[in-house]
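So that we are looking at the same thing, I have put the structure below in structure tokens.
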Amino acid sequence: ATNSSSVSAIKKRGTIKIAVFGDLQPYGWVTKSGKRTGYDVYLARQIGKDLGVKVKFVQVNADSRVDALKSNKVDLVLANFTVTPQRKKQVSFAKPYMKVSVGVLSKKSNPITKASQLKGKKVIVTKGTTAEQYFTEHSNGVTLQKYDSKTQQFNALKNGRASALADDNSYLFAWVKKHPTYTVGIKKIGTESEISPAVKKGNKSLLNWTNKEITKLNKKGFFTTDYNKNLKPYFGSDVKPSDIIITNNK
Amino acid sequence: MAEKLLTVSHLVKNYGRQEVLHDINFTVEKGSVTVLLGPSGSGKSTTIRCLNGLEDFHSGEIQFKDQVIKPGFKKWQSVRQDIGMVFQSYDLFPNRTVIDNILLGPLKVQKRSKDEALAQARHLLKEVQLSDYENAYPRQLSGGQKQRIAIVRALALNPEFMLFDEVTASLDPEMVRGVLEVIEGLARQKMTMLVVTHEMNFAKQIADKVLFLENGKIVEESAGHEFFDHPKTQRAQEFLNSMDF
Amino acid sequence: MDWSIVQQGIPTYEKAFLLTLKLSFEGILGAIIVGLIVSFVRYFKVPGLQRILGAYVELSRNTPLLIQLFFIYYAFPEIGFKISAQASGIVGLIFLGGSYMAASFDGGLNGVPKIQVESGRAIGLTDWQLARYVVLPQGLSLSIPAIAANVIFLIKETSIFTVIAIPELTNTALDQIGMLYDTNEALFSLVVGYAIILIPLSILLTWLERRTRRGTFGN
Amino acid sequence: MAHSGINILFEGRNMVRLLGGLWISAKIAAIAIVVGLVLGIVLGALRTLHNPLLRAILRLYLEFFRVIPTVVLLFLFYYILPQNFNINMGAESVATLVFALWFAAEMSDIVRGGIISVSPHQVDSGKAIGLNRLQLYYYVLLPQSIQLMIPATINLVSRVIKTTSLLLLISVMDVINVGQQIIEANGQRYENGSFWVYGFIFILYFILCYPLSLWARHLERKELVNANG
Amino acid sequence: MAEKLLTVSHLVKNYGRQEVLHDINFTVEKGSVTVLLGPSGSGKSTTIRCLNGLEDFHSGEIQFKDQVIKPGFKKWQSVRQDIGMVFQSYDLFPNRTVIDNILLGPLKVQKRSKDEALAQARHLLKEVQLSDYENAYPRQLSGGQKQRIAIVRALALNPEFMLFDEVTASLDPEMVRGVLEVIEGLARQKMTMLVVTHEMNFAKQIADKVLFLENGKIVEESAGHEFFDHPKTQRAQEFLNSMDF
């Protein structure tokens, strides 16, 4: 079959289908007036503009990002997609535009600051995230509760269904700012990873285009603008831009 | 005159707004057979069902033995032990064997001893020639056999009065005779009975008294043979004509 | 499809399978009990209770299990009422299944011919004896096919438990898809898991239906 | 506290968005029901023919859709079809297809049940006046079984509507998905927002399904009266 | 001898492994009435149903007019237009009015003109005294009325041969006469008929020929009166005894 997600096919179609989150403030979410917004969404709109096509957003959950590409539901994933070796086998990642580690969120009144404290405790994750991956590989006696969506996982934490929640530290920073009774007790667990746009395996044309686009945007300082506009207001003062974004992309 | 077992006075019965029995009066003497005749819908079943409380009635009264029964009467349950009833449709309990059908009343209602009730049940089964079917389930019986068991089930409570509502109407023609013979046997034993039937030859042979009902009224009451040989009303005459082709 | 992946997953799916069975069993048992209570209350026209249970039945039948579960699991704790995920699942299944079971029992009890009740009365049975010896045994056996159909329906509904993070079959498969991207293998194991439970039940159901239609339960 | 939470529904365009989500669910259900109804009647009629092969195939079709939970069907169709057969459909089309096929399967059983419950005497007497097979279905079997089929069909319709709640699992922007967006975006301002949002969705579904349930009950009662009268 | 309309030779019919008709042979003469008698389960209905293809048969052959019918025969649909049949159970289509029931065959099967078929239907309705019920639905009719309509529905196709299978067996006794009178009327008009009935008086009066069936065999074949007055076999004698109480 021909590549229906190649740059020329997209241009011909006049729309690009991009997978984003809908419930992950401040990366991909929907305002009360129904408008999609966030760091990833901002990037997605820019990509659409630079391609000269309309953007059609497809809202995904973490566990459906790979299949959304594989089954041609989307051309590009911009949903806080962390690059991992397993995922590299399934999809092609472009150059990274963010960095991230797994963090652990807990109640301020009963903070968890060391991995050893998690032993025998329940920890909330979202299916298909790097956090789930990490704790599946380094279980250390942790019981995982696996949810489908971000809404569900934070809801469950608020309801006290587990003692901690593990996810990318970048969202956790944002979340605790709005929920001051919680803290990101462990800021980094495991190694630091990168977040990249992803395309279907073998879609060279869109991959190359995206790589060039990221380099170009970097030169223009796009990501700093994006950070200041979409992320900064959500983070506490202890988070620096360099903790999150990658600006020296070669 | 013989002793009266049942007296029905001014019985009125409504279904909703429709009055289906208007001022019914009759008596039943102990040891006699009364046959209730009348066209379809004339109120025969309704009359019989009022007599053992399956239907409430609106006004009038029923005297059964010493018991005076008025509308709203509550103690049917004890009265029913003295009044056996057999219906047109097969009504054995399909989930119980023949013997369990028969013993349910004697054991659970009358609290009689198992041995005694069983002995009587077997005796009755023998009389209707169905001893072999003690442990059969109703579905294994023919229609005629079912109706004979239904009669035994009613008799097992030792009732003083039996009601039969077209008990052969659902049967294959060949099965009818066996059932009627059982009822005839009871008549010979001087069981008091009220019988609704469409079998005219049988009615003629068995009736001490005939009540002819039409539109919820008793329009003729005669001694048995008299009714068949010399019906008084024209309507009864027509009815008899229509019954034998 | 990679059979070695399927094989590796067997222990995990076995656990999920057993959990699905356990939750189904407990939920369905509860639903049957609730169904019996509701149905009896309606059959014997218990005043007061009849109305309350009527409202329950309407709420239960006319809303999706997913929302019922969201409510029990995510929303109720916000107003101070919290139970575990598995308990929420079972409660949800009972809440939903109770009304379906009640409808099946209603069908059975109302299917007992009027003449049966009358001939019970005619031999002097009390209301309670009538229920015990005539209406219940016949009514319950008449409701068996409908109950079996509900059992199948409710077992399938346990797949929705995935939204409250219970590691039953569907949750396990979605997890494997999300984390390891073995979509084909995961869906295969999932379908096999349900098939093992449901195909025998479905065959049983067909048999029961035929049996009732032929009237072997009847006179 | 309860006072403030309910306002989450009236904040911004939240209400309109929720209703928009409901509209998508309703649209998918409606198309699936219409398509499934037609297909189901045809398949149901075919299942009463004495062709063993056809019956086996249609039986298998029914069992497949009856045994496999709808969540799983949605995933199967959403992921497997495009990857293995190179058919590409949007989430909404996949959902519509799955619901239509599922509806048709269950409907075929209702139709078959209705048809075979028409008394065999009716078939005999139709044949006796010389009707052919098609005329028999058209003039005798279908019209007589329709009354029996309607209540069960209404129940099935209400099941389909309720099952649209699963659409969120395949990324359709249905009412629940919208609800989650709202809860997430407003979570910190309304601590018990999820209670009100889920409560509102609960009521929406109830409003859709309750009239159907009343209607089905009314018809069932009428049928009872007809059967006795 | 009169012309033969129907000849049945060596007809054998199985249900599964059970053979229910063994080597049935008989003929029906044009314009005659043949009555089929026999105990329940002897195969009367099965015989009749084989004659218009409602049941397949296993071996043997049926000759109807010029048509020779062997097992597996396919063109029943055209033959059936010449053979009318009326059943025991009320079998009008409950979803259609009386007149629609009657016209279905003439209009849809025989594609006759509406005017002509309607005129004939009204004529037939008048003959059975049900002109007033043209637009009634079957549920509004009594059992006897339904059966008379069923006869009209069969006659509306102008059949040359009529089959009646216990058409009065489900009727209230008072309704029986009206239906039998209609059949008698047909006999007077020399309609060829094969009749199964349990009404012995009627059978006696109407039969030109009697076939007595037992266990799927014709055990006696006689002229009408002869059978009733001097049955040849003991089994037939017993049967006749059981029928009149």
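Each chain gets a letter, A, B, C, D and E, in the order it is written, and its residues are counted from 1.
FYI, contacts are C-beta pairs under 8 Å (C-beta built on N, C-alpha and C of every residue); 3 or more make two chains touch, one makes a residue touch a chain.
All values reported here derive from a predicted model rather than from experimental measurement.
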Overlap of the subunit A and subunit E neighbour lists contains D
Given subunit B and subunit C, the chains that contact each of them: none
Would you mind checking which chain's C-alpha centre is most distant from the centre of subunit C? E
Outermost chain relative to subunit B, judged by CA means, is A
More Cb-Cb contact pairs, comparing C-D against A-C, go to C-D
At what distance in angstrom does the C-alpha mean of subunit D lie from that of subunit B? 53
Where the centres are mean C-alpha positions, what is the separation of subunit D from subunit E, in Å? 47
Return the distance between the CA-based centres of subunit A and subunit D, expressed in whole Å. 36
For subunit B, write out the residues touching at least two other chains, lowest number first. none
Got the subunit D residues that touch at least 2 other chains? 79, 83, 169, 194
So which bits of subunit C are touching at least two other chains? 74, 78, 162-163, 174, 177, 183
Pairs of chains that touch, anyone? A-C, A-D, B-C, B-E, C-D, D-E
Parts of subunit C lying in touch with subunit B, wherever the complex brings them together: 113, 115-116, 118-126, 129, 133-134, 137-138, 141, 216-219
Of all residues in subunit B, which touch subunit E in the complex? 39-40, 172-174, 176-177, 180, 198-199, 201-202, 239, 242-245
Mind pulling up the subunit E residues that touch subunit D in the complex? 49, 52-54, 76-78, 80-81, 83-85, 87, 89, 91-96, 104-105, 108-110, 139, 150, 153-154, 157
Of all residues in subunit A, those that touch subunit C in their complex: 61-64, 66-67, 70, 86-87, 89-90, 124, 127-128, 132-133, 136, 145-148, 152, 155-156, 159-161
Would you tell me which residues of subunit D are touching subunit E in their complex? 119, 121-122, 124-132, 135, 139-140, 143-144, 226, 229
